[in-house]
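Each of the next two complexes has subunit A plus one other chain: subunit B in the first, subunit C in the second.
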Partner chain A sequence: MASGVDVDSECLNVFQDLKLKKKYAYIVYKLSDDMKQIVIDQAVEKGTYEEFIKSLPKDDCRWAVYDFVYNTSDGERHKILFYSWSPDTARIKSKMVYAASKDALRKKCDGVFTEIQCTDLSEVAFQTVHDKVNRMSA
Partner chain B sequence: MSATRTHNFAPAPGTNRGQYTQLSSDPKGENIVYTNGRSVFVRNLKNPEQSWEYTGHSATATVARFSPSGFYVASADVNGNVRIWDTINDEHLSKLEVRPISGKINDLAWDSESKRIIAVGDGRDKFGHAFLYDSGSSVGEIGGHSKAINGVSIRPVRPFKAVTASEDGTVNFFNGVPFKLATTLKDHTRFVHAAKFSPDGSHFVTVGADGKIFLYKGDTAEKLGDLNVDPDTHKGSILAVSWSPDSKHVVTSSADCTAKIWDVAAGKVVQTVTFSDKSTFLDQQVGNVWTAAGYIVSLSLSGDLNYLEVGSAKPTRVIKGHQKGITALAKVSPTNLYTGSYDGLVLRWDLTSGVPQPVQGAGHSNQVNDMVSVGGKVVTAGMDDTLRVIGEGGFDSAVVSTKTVPKAISSAGTLAVVASVGEVTVLRDGRKVSSLDIPYSGSAVGVHPSGATVAVGGEDGKIHTYAVDASGSLKEQGQPMDANKAPLTALAYSPDGSLLAAADTQRKVLVFEAASGKLKLDEWVFHTARVNALSWSPSGKRCVSGSLDTNVHVWSVDEPMKFVAIKGAHLDAVNGVTFLDEETVASGGQDGALRIWKLKY
Partner chain C sequence: MAPGTFPSGGDDVSAIVLDPGSSWTRAGWAGEDMPRSVFPSYVGMNSDHSTSVSSSAAMEEDDLVVDGMFSRRRPKNPRYSVGENVVGTWRPNFELTNPFRDGLVQDWDIFEQLIDHALYDLLRADPAQHPILFTEPAWNSRDVREKLTEIMFETYNVPAFFIAKDAVLSAFAHGKASGLVVNSGGATTSVVPVYEGYAIKKALSKQMIGGDFLSNQARLTLQQHYNIQITPQYLVKRKAFVDPGKAPEAVYYDRPSTASSFHRYQVLRTINDWKETVCQVSEVFFHEESLAGRPAKSYEFPNGANNTFGADRFRIPEIMFDPRLSIPDSESPVPSDALGLQQLVQNSIQSCDPDIRTVMYGSIILTGGNTCFAGFTDRMSNELSRIAPGPKLRVQAVGSTAERRFSSWIGGSILASLGTFHQLWISRQEYEENGKQFVEKRCQ
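Here is the complex of A and B:
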């Protein structure tokens, strides 16, 4: 908790629901407006990857957990991914606080397959992420 | 959502002044093989618009030769790497990669069994090496020279012999296999450029900078004489020699701007082909090949491939092309293109035949920065601070000078606008009507299809818009658009004028609403390096971009996240792209090639 930011307990409950009960497709987290606490921006029960990408703001940072589903020759695979979204156009202060506070949230989320750091759409695109997940699980 | 390459128009061979260039052919003699930059090109002689390339070298390639079996090609580069790759699969799988000598490789030779290779060149510790094509293990010693070796040839019949031509003025004769030095021939007095065995193995010839053509017996290296004593002799350095398939004739190419075909038994010239009355260095002949199918091709320093025939004092066919990277591209009609290159050459392409013609008249003296079609004519902007107009007959004599280097040019109707470092120039019908000093460095420009608005992108990362009045004067309007955070490289208005696409050096293509200047699309960020060129499709629903990352991307306005990626479209960089019609894209790149792609959505 390098930045002294606290994590709202609801954040973890929602994550557990996503991980164990498969209740959500994805969860987007953000810093509260006073930058003191990490809170849930939205937790979506059913949504496509395109909708997930659209839910990331163009000029502000976010964290997200996505239950990534893809097909291999052996059948369907689920991987829980942790995203750090930090677009070039975000304010520098925002990028700093989000980067410094990431661990507070990330450490609490157990069972994440990998982290995806993304600064623009080419890095969050389904194909890019799919390639990375495939490479890591191979 | 895919793209297939329908045409690959190869560049001309790369040449160096005063140096020979290696040409060769496939075993059937229907294709010519040469190098340009890092690429190896294999090009059909009957239909030169058909070609394919190999791009495995990481340094400038110098020579490529087919194995006599036709299944493999050995190619080499300036770093001393030899790569042997198969010709059957499109991937050209690598069979062997070796570095026989630690410097530039000048020539390669296969033996007639397609098993052994001799590579020669300018290494630090040795100048040549003989090895097996599959394992790379040594099959003899190629030594006895004190300077770089220029050429090598292996006797195609047993017992195997080899000859090497060196810059120390000697020719070494080797017994094989394993290759071992037998004799040193000291007949030449200056650099020896090439040594070649006849296809039947009975003779070999050597040519050199002293203008001599010596003929030797193939099995004993006994000297039979100098061919170049016929009264009709070469007057300069001879850079290349090739045998006819029947072993009766040789063709020689010389720096005196001629090529000659000799009857070897009679020692007489049977045909002289003169390329230039005045000795212009661009017509020096620097390479040749006589293929098994009977084609005789001599290469000019300018990169022209000249087809020769006995009985014709002029080349029967001349194939021209870019030797350097294509830096600008302009579409006149769906079948008609102009391309300009780094060395200032401008070519006109008829895409139905695929053979380019150079634009006549005084052109640019160095790099063509940009070009655009304006009402039937083409206006080009050169690094030599001039704008030139190409009409029906070639370059107009009238030249518009700009105060600073013109970087980009765009047109609508008869209006053409040029952005240069510190100035925007307006041309109507090819004549300058006004100019405006700008406080930033202009690097991209787009003219609205109505001709009433001009967008100029600067190296400050901003897009400034100007209104054009009836007299052609510019007046800045509104606030600059500053969503691109890096220097602009290309701007393009969609055909209906509603959208403005802007590309920058930090790999982004952004789309603005032209009327309001509002950012509309920021999803086109999948390039990984500077974006060099943009073009809209006729419908305005798609946009194509070419980038330094070697890729061409075709974007969609309706589905911004879905795009067609043509990966590795051009080695090193894509410098120009344009839509020919809704489903066809042309691209020009740093490798000097022009390619046509068919898209499927």
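Here is the complex of A and C:
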């Protein structure tokens, strides 16, 4: 079941730039104010993981795509991760519409390694995500 | 007109959201925060002798119906009475009945009385003017869904219709496209994995241990441990204060020809109040001796019988986690395959594809009135971390009792109010072109 919310075509363009051209470190998406479309909140060219976490609002939902870089014994690795950020303090309407609309955006982002469904900072923490990526790559 | 749209003269017409459950039916307008009305899913059967005795609430409603502002599409069937006040008012030979079995509609005639009451008496709406969104349990049958679709378009003449799985609505309302929805209501407790907005039917588990079962167990406990016979308010004319544990000294009404179903319903309501006031779930493994040291709570029944309740106030909800604690009762026996809720959860998750089990453990959502006992959420986390020590656990339950009891209605209300959702409704045109079978395709 879905909400019928549409994805603005620019969302896909910046995703392609992140994926193919490595132009962005991360992209944060949001619902438009009229709740009809998914639009870009911010597309950040250079930013740390801490800055990414800070860009997630305390009391509202977002989606994000992060070009996750980590080191292994074989060298540096890139994985594209998709985040659904839905803190408990967000309004129920926001939680509902974000959850029901996620698939519309997600299915357009081809080449995502895994998804992170998160409700608090411990679930987006670098170490938590790193562990998950490692576990899945093993 | 684009497929799935429905005519709405310029301004958007509000949709109606109906969330019928085995104990309560929730009804209201899409876009509102809470249902306008929550009424018992019981219908009173008027005997020949009692049709003339109508409660003032029912009279008032009849007056408004003829007042010209609004006309009921169908006249009230004098055989039936619906509504909290009406089904709660004693009359001779007044039987109460409930249209659901195992959470599914079984008696359509009775079910339509609930819909009529919600639409005509409470919302005062003409269903021909408003799209209607229904909720359904994940295990609803194809027959029931098709029949409901047919009734909505043929009998109620709705312009558009949708039916949404209550587990999916609850997951969404908690901000999750994927998660495990544990719903414990009056009749049924179910565990439904939701993945990417769809209920995984093959992995759901459920059993008939819910609030009503616990209430019956409470009745037996009060009788056997405290010598308290539940006497509902309708029988009590005047109560007297007596010391705890002493026999009540109340004055009772003579109520001959009371229907047994009416009495049972009243007993249930009385016990529900006791449960909600004194019962609590032990946060850790149930241990009678240590719980006896926790503060006891006192409670006075309508006839004045009163006592303080210690370990027993933990024992009743404990049956959810350990059904073997039940007192044997031939009228409401423990299902032979009954499992503790933690085991039900574990079984459901193990029936899911291995790839998604971690997601399920990480997003366990509690909903339904029977999960509102203090301590329930903590206990659930503790039990699960004991039987599934590996994965990262997260048991989520919203703070407010109302949101927990109404999460599927609220979810439906938000969804049905979205402008973009219009394309998902089954329109009248689509129904006429494709028939009732279309519901299987559109509402998955």
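FYI, the second predicted complex is superposed on the first by the 137 of 138 C-alpha atoms of A that agree within 3 Å, B and C clash if a C-alpha of one lies under 4 Å from a C-alpha of the other, contacts with A are read in each partner's own complex, and residues count from 1 in each chain.
Just so it is clear, contacts are C-beta pairs under 8 Å (C-beta built on N, C-alpha and C of every residue); 3 or more make two chains touch, one makes a residue touch a chain.
On a predicted model such as this, the values are computed, not experimentally measured, just so you know.
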item: Which superposed partner A:Ser3 touches (first subunit B, second subunit C, both, neither); value: second
item: Touching partner for A:Ile53 - first (subunit B), second (subunit C), both, neither; value: first
item: Subunit B versus subunit C as contact partner of A:Lys36, first or second or both or neither; value: second
item: Which superposed partner A:Ala125 touches (first subunit B, second subunit C, both, neither); value: first
item: Partner chain in contact with A:Ala100 - subunit B first, subunit C second, else both or neither; value: second
item: Contacts of A:Cys61 with subunit B and subunit C, given as first, second, both or neither; value: second
item: Which superposed partner A:Val14 touches (first subunit B, second subunit C, both, neither); value: neither
item: Greater residue coverage of subunit A in the superposed arrangement, subunit B or subunit C; value: C
item: Subunit A residues contacted in one complex by subunit B, in the other by subunit C; value: 88
item: Footprint of subunit C on subunit A - complex, ascending; value: 1-6, 34-36, 61, 84, 86-88, 90, 92-93, 95-100, 102-103, 117, 119, 123
item: Subunit A-touching residues of subunit B, taken from the complex the two chains share; value: 485, 508, 522-523, 525-526, 528, 561
item: Footprint of subunit A on subunit C - complex, ascending; value: 164-165, 168, 171-179, 196-198, 359, 362-363, 394, 396, 398, 403, 410-411, 414-415, 418-424, 443-444
item: Residue numbers on subunit A that touch subunit B, as the complex places them; value: 50, 53, 58, 88, 120-122, 125
